[in-house]
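What follows are several structures.
In what follows, chain A forms one complex with chain B and a second complex with chain C.
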Partner chain A sequence: MTENTNIPAPLLEVKDLQVEFNTSAGNVKAVRDATFNVYPGQWVAIVGESGSGKSTSAMAALGLLPGTGHITGGSIKLEGEEISHYTPKQFEAIRGLKMGLVPQDPMSNLNPVYRIDAQIKESLIANNIDITREQRIALAEGLELTAAERAAKENVHDADDELFLGSAQREELLAAAKEAGKEIVSEEDMKFWEETWTPGSVTRWNVRHDMIQAGISDPKATEIAAKYVTGSTMADRIAGLLDEAGLPDAAMRARQYPHEYSGGMRQRALIAMGLAARPRLLIADEPTSALDVTVQKRILDHLHTLTDSLGTAVLFITHDLGLAAERAQHIVVMYKGQIVESGPSLDVLQHPQHPYTKRLVSAAPSLASKRMESTKERAEVHTKQAEAGHPENVNDTIISVKNLVREFKVPGRKELFKAVDDVSFDVKRGTTLAIVGESGSGKSTVANMVLHLLDPTKGTVTYEGQDIHSFDAKQLLDFRRHVQPVFQNPYGSLDPTYTIFRSIEEPLRIHKIGDAKSREARVRELLDMVEMPQSVMGRYPNELSGGQRQRIAVARAMALNPDVIVADEAVSALDVLVQDQVLHLLNDLQAERGLTYLFITHDLAVVRQIADEVVVMQHGKLVEHATTDEVFNNPQTQYTRDLLDAIPGGKLELGLDM
Partner chain B sequence: MWKYFLRRVLQMIPVVLGTTLLIYALVFALPGDPVVAMFGDKPVNPTIAAQIRAEYHLDQPFIIQYLYFLKNAFTLDFGNTLRGGRPVIDVMAAAFPVTIKLGLMAFVFEGIFGVIFGIVSGLKKGKWYDSVILIVSLLLISVPTFVTGFLMQYFLGVKWRIFPVTAGANPGFIDLLMPAMVLGSASMAYIIRLTRTEVASNRTLDYVRTARAKGLSNRKVITNHILRNSLIPVITYLGADLGALMGGAMISERIFNINGIGNTLYKGILQGESNLVVSIVTVLVLIFVVCNLLVDMLYAVLDPRIRYE
Partner chain C sequence: MTSPNTPLPGQERYVAPVEETPLHAVDAIDENAPATSMWADAWRTLRKNPLFIISALVILFIAFVALFPRIFTSVDPNYCTLDYSRNLPSAGHPFGYDMQGCDIYSRVIYGTRTSLTVGIATTLLVIIFGGLIGAIAGYFGGWVDALLSRLVDIFYAVPLLLGAIVVLQMFRTSTSIWKIVLVMAMFGWVSIARIARSSVLEAKNLEFNTASTALGSTPARNLFRHIIPNALAPVLVVGTTSLASYIVLEATLSFLGLGMPSGTVSWGGDISSAQTMLRTQPMILFYPSVALAITALAFIMLGDAVRDALDPKSRTE
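Coming up: the complex of A and B.
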């Protein structure tokens, strides 16, 4: 790069950073020679799987390395100043004010015993923020104003232009503005004022600008704005911050406790907190990975608009390459503590250089545009069978769900809560049906009823034409042999006190299949099937990684040669690459053995890779049921369209050369 | 909240009835005839004995006696002691203030020192003073109170003469200081360990990191986030312990010869004063149950996630 005075200095400059953790097994290098820059106002994404060092790098910049973590080399510069050797006291001075954090898990990052407003107030007070006026970053002012406006503003030149509107003056201001705008200003503009003039968020300058835009003369608008916009109170400012983060009814909600918030609302509160002191740099550590895709999209959209208008730079940490490419201008890919690739987002996505990045690109479900090959092959086999005159093998229904209803009692409420409301669908033999929906849509409740783990309030589930809820004990045991579950959490679904061998062998023993010798042979066969070495038989679940455990869970489900596997979010907890491997495994098994899958997921991107048919659920109701191609190409309901829109990176054009 | 409170108050009734019935039955089953004991060395006069039995309903079956006791207890009439014929209420009125004073002193002692040492230990886990605090607290938990009591009495009282060896008839603050320390020592050790564990585990929680990321000073993070949340279980333990201190004062009161409720109860049991024993235990049960109720209500105030239906 040639010397160019127009290129601004980086806001955050990380060079050859090394971070180590002391463990009983010796020192572990979590970050090795990481180098990257974040420029003012820029979104930079660090992408990598868990344990790649992406969060550790960011925490090193904040001076918040966990446990025994410490910087052993390299430098971190914030606005040109070396901060890697800062004392805790020095870090206190820059945290919040210069660098903000939006943490990963909204459930655990708010103190449960304080109201939301108290937790935001802390941030404002700790950083000595003047709550009566906006602390605009110079860059944002430069971006927001046109040259003429800037000149005009300099003429007025009044620091009070950044004063916030107070809730006490809002009604008077609206009345005065409407009075002044009588017969000039349109109804819509007045309505716009009512909706957007939020106390503690909108400034004198904004108000004046809005009035002039609506047709009120400059002097009049300036006079009204100066008279009524005179600064906000603490409560106003807190509500204003929450409102900016997209929280509805912010003034009322601010008085609530975290447990009264949903996950998405908590994340918005955390965003409000992270931005409260108007930091130059916001570190967003997987800020939405715990949320539903649609909520994730809304929150990130909002964060984007907000940071753009404030001129805040964002260091965005994520494991999802599609999401990174969609949101950030620059991507840094980390693998095993090292940066393996770095460059403009589309470049990295379209021309990945490092083998790891190539794998990430090809594995990212959000970027895959087609179903897996094995699925396709299987479909072709089916088609051929159909042509050859064996239609019963193709359209034969194995599981049928009819008018299923499930109600739950909600403590403190009289009426029952309908978790599942009149859901019907058929699952065809040898195919995959995916049930998609956000959390709370009732999809897992349906899965539990299909597995006979929960009784329906009304309706029936039939397996091979028989109502499974009328089974006696013997029939039920037989049913369990044919319909096997794989659950979401690979950490919780294996007994930690059982060896891998015992976990896989257990279903065989329960169903009294074979003798000790043949069972052991079967376990070895199953481990081969899920591509795990036979040496893991004597090990315990805690010695395996998440992906390996999920393979064991699949092997256990396969032990009895089932016809149907119900997979409840079976890959949601896994990193993209591992997720890709498990999905391939499931696909291959289906192709080989003609298995039927009922696949429960919130991730439409995964659905596209594995499912033949899709059922979309919302608030317990089935809103759409069609083949995967139809759902993706021609969604019938708005809800499905929202879900599709929310797939990160879904709209990125990819011309992969790999 | 009020509904819950009312329900809890109603639940207290069977608890109090059950415990008093149990105690009454135990005292009733004690060997020895209290009426005979009243005569002391004098020969027993059958007429007077029968008169006394009738007066105290001692000739009635057990359950009737118990019901008489309940009826009178409701009007705060606990009857008279068998020996000396003093009203039981007067005996209790003389003894309880002493024990309450002792219990409160022990309560303050264990609360202050338990929490302070626990915080220091929890914040500086692994430092030498953390180890010292841990070892001392382990000792205090494992050594029985009477051993701690006698040791302190011997060294601090007899040998070094720092504190009075025993408390007199009307013990003051200084007289009760050592007994209160003995009484509160085991609980203090427990509070140290509880606080230490809570502080150490809360320190690494996500919201504490978030608080630091907001730019809060270390002191603010510790007081507003780590301590505020760590002390919830400690405070509830302290509340429940207040009742236990009153009832558990017997050993300390015996060692230091304090005329509190524990000592009175002890003497009452030895002399077969069934009225006195049952009355004291009834009041202790009431104190205990009320303390527990207060703790549960306090819990809802401290932790907003707890809401009572």
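Coming up: the complex of A and C.
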């Protein structure tokens, strides 16, 4: 079998894995017969909805199954060694050292009472990577070696590769290197040294290699590197790790507490921790789901470069098919605990064969390129309206936002923080306007002012030509009838103590519409409208899934026959398929009833599916306002281009043969 | 040699047979599942909890005794003759007689009513008053909250027992059992107010309130229709648990001679008068103490069970 010598052995080999959870309702099989391989240096993605068993499979490999979960069958081999029966102690020995983890939620996975450096130090010490000791051993070895032996070791750079540059020696090293490279080395190379020779991250081997590349002779470079790169302190190493993870000003940042970090920075710190002990496999469990798309892109780009240079394999768990296909070579699609399809990522994406994968591919917003079909029907509605003699209803302005400013007091600061800064736009009747921006861009603040939940500092919001913030109580109540919200969090926007019936009936009650009987009929009608069985009337929200609750929220918003619906991240928390379903529902309702939507979202991919016009916001300011096609085909500002670039899988070609 | 396009072993294209993983409708609803609300769920959990079953049975029995003492004894607890002083148990008088020559069994039975009335009445008052103050403080915030919270702090600083002694001294002449209820409620509401305030604060920030406002609901409607029902659970839990402590407190006050007016049969009063004979006739002290302990324990167990049911997070697996 000489042919096979070039085929590497799999790093992680999962075969027929079975995971069960014991619950009060009996044993639940979370993973059934999962089989997949991860090869050294490879990115493998597991894709699936929540509850598909994707995280459970990865956690089983790490020995970190939550609660009552346990492996009931199959095997997990790491570097050829069976680990599925390992005791917690044995797992501890390999976790960190051989397998690293980047957890999902950067907010809850750092201990708020410790500085970042202390937490990274912990992960180094836990894996017995005592740098000072290492330094001693390496020094002793280095002294014993003769120059010839060192030369013989040229390609075997293990000891040199473990020895990091210390911050104390950096200046001397740079001086010596520049001295040696005078007249040989170009300005650019010297500048490159200054920029890249980071203490705690660059090794003796790197330094030597860089110098040889720049033109310094091998013996001279070896001598300089050996003289000045003699190992780093713990603080240097920690800063080096953070620097590798892409954190700017790492040495200073390392001394800070987690609350002083943004979400993206915390995720970088967690990546630094996961890679601290140089594991061969990094398990990244939705590492960027909580972050803005542009931050996600930067972090994943960086992680890609870093793992490539370290040769680390990554098992990447995500719900986003586009993201998976963009990042991984091999893709594993899981559905209800089983692997339904796997293979080379582009192949799976372009020629999905299992019906579930087909469904996923067709629902993935990042891969769709057109606004949803019901646009046509909507046009027909408009024509009909026009024919029926209501031409004034076509494309006139229903909501107008003029020079809107909202300032907030920031505790401990004198000057006010401008969350919304001079924003103006019009929403045309019967169309969808999407406000797009990252967290903190002020888009939700605008939505809340349009809903009259927040007063503007300056500027006006007009509905049908009237300033809504000058309304008296009666006018306001009337306004509320016409403008209804659907909120982001499907778990928070329905009162858990109310039945579905009471929740949908509430607006009718508040506005004193109909008697008990007619209200019940209306609720039934509304449930039909959102394609929910009438039997859910007696249920409570906690019995429904996120998507179902969101449909109930839509039904409640529709109860008063409003003209405008303000949807604040209404589909962001939902799985792709469910998200697709809710978006279709919203689209159909718009087509049937000529509704106007103000759609707040951070996801440009969703915008393409639903919006006619797009407003892009950044730092409270409106940076771009144009039709959806215009924004996607011809973005005017760099920020919009960055946002478009960051859509995962946006550039993948799709040949959906369905 | 493998070409770069050939997948590595174990990574070939794989498609599961469709029949193995049948597709379900997206986001289908299980129409057969039983309806559950937080309260229905809590009831289902409670029903299976032996702690709850035992405590509920005991409490039902105690309540029955309190309501219909005549079924259990035909002896008047206040009919005392010194002739029988410290007599040992005899037929019809299973616990014997105390120093005054009263039937201990009859006094224990009739004492149930006092203890239970005091406990339940105090708890109700405390929940209503403390809950309301806490809810208002939490909901309106700002200076209202600051003012009410300081008021709570002031009452919190006064030890309950000390405060009760001072106030009861002033009403020594009153013969109503309600004075003790009022006094205990006066110093007991603060802990409920604090809990109510924090749970209202939590419920206030939930999105359904914003949703409801955007539907046209007024702040007062929000408070009574959404926030209070959602903030009720922790208040009820603390209320049930503290019911036992009020029963014990009443006994303590009676023991100190500040509790029930003379003539009222109460366990605390009996324990108090039995202390003089602790060394010679400990059984006189024993019976009312046991009754008090069983009642207090039953309510504490009930409170625990209710807490477990309403707040599954606190359950220790």
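Just so it is clear, the second predicted complex is superposed on the first by the 606 of 658 C-alpha atoms of A that agree within 3 Å, B and C clash if a C-alpha of one lies under 4 Å from a C-alpha of the other, contacts with A are read in each partner's own complex, and residues count from 1 in each chain.
Criterion: a residue touches a chain if its C-beta (ideal position, glycine included) is under 8 Å from a C-beta of that chain, and two chains touch if they have at least 3 such contacts.
Please read all numbers here as calculations on a predicted model, not as lab measurements.
With chain A as the common reference, chain B sits beside chain C without any clash.
Within the superposed three-chain arrangement, the count of touched residues of chain A is higher for C, of the candidates chain B and chain C.
When the two structures are aligned on the shared chain, A:E122 is found in touch with chain B, with no touch to chain C.
By the document's definition of touching, neither partner reaches A:A168: not chain B, not chain C. Contacts of A:R556 after superposition on the shared chain: chain C is touched, whereas chain B is not. Using C-alpha centres, the superposed arrangement gives chain A a vertex angle toward chain B and chain C of 30 degrees, stated as a multiple of 10.
Residue contacts after overlaying the shared chain place A:V410 against neither chain B nor chain C. Applying the stated contact rule after C-alpha superposition, one finds that A:R95 touches chain B and leaves chain C untouched.
In the superposition on chain A, A:V28 contacts neither chain B nor chain C. Looking at the shared chain after the overlay, A:P112 reaches chain B, while chain C stays out of its contact range. For the pair chain B and chain C, the model built by superposing on chain A gives 5 Å as the shortest CA-CA distance. Chain C meets chain A in the complex at residues 1-2, 7-16, 18, 20-21, 23-24, 26-27, 29, 31, 33, 35-38, 206-208, 210-217, 221, 226, 229-230.
Taken in their complex, chain A has these residues touching chain B: 62, 64, 66-67, 88-89, 92-97, 99-101, 103, 105, 108-115, 122-123, 126-127, 257, 259, 270, 273-274, 276-277, 411-412.
Put simply, chain A touches chain C in their complex at residues 3, 6-8, 10, 13, 35-37, 39, 330, 335-336, 338-344, 347-348, 353-356, 359, 451-453, 476-477, 480-481, 484-485, 487-489, 492-497, 499, 506-507, 510-511, 532-533, 535-536, 538-540, 542-545, 547-548, 553, 556, 577-578, 581. Those residues of chain B whose C-beta lies close enough to touch chain A in the complex are 204-207, 209-218, 220, 224-225, 228-229, 232, 302-305, 309.
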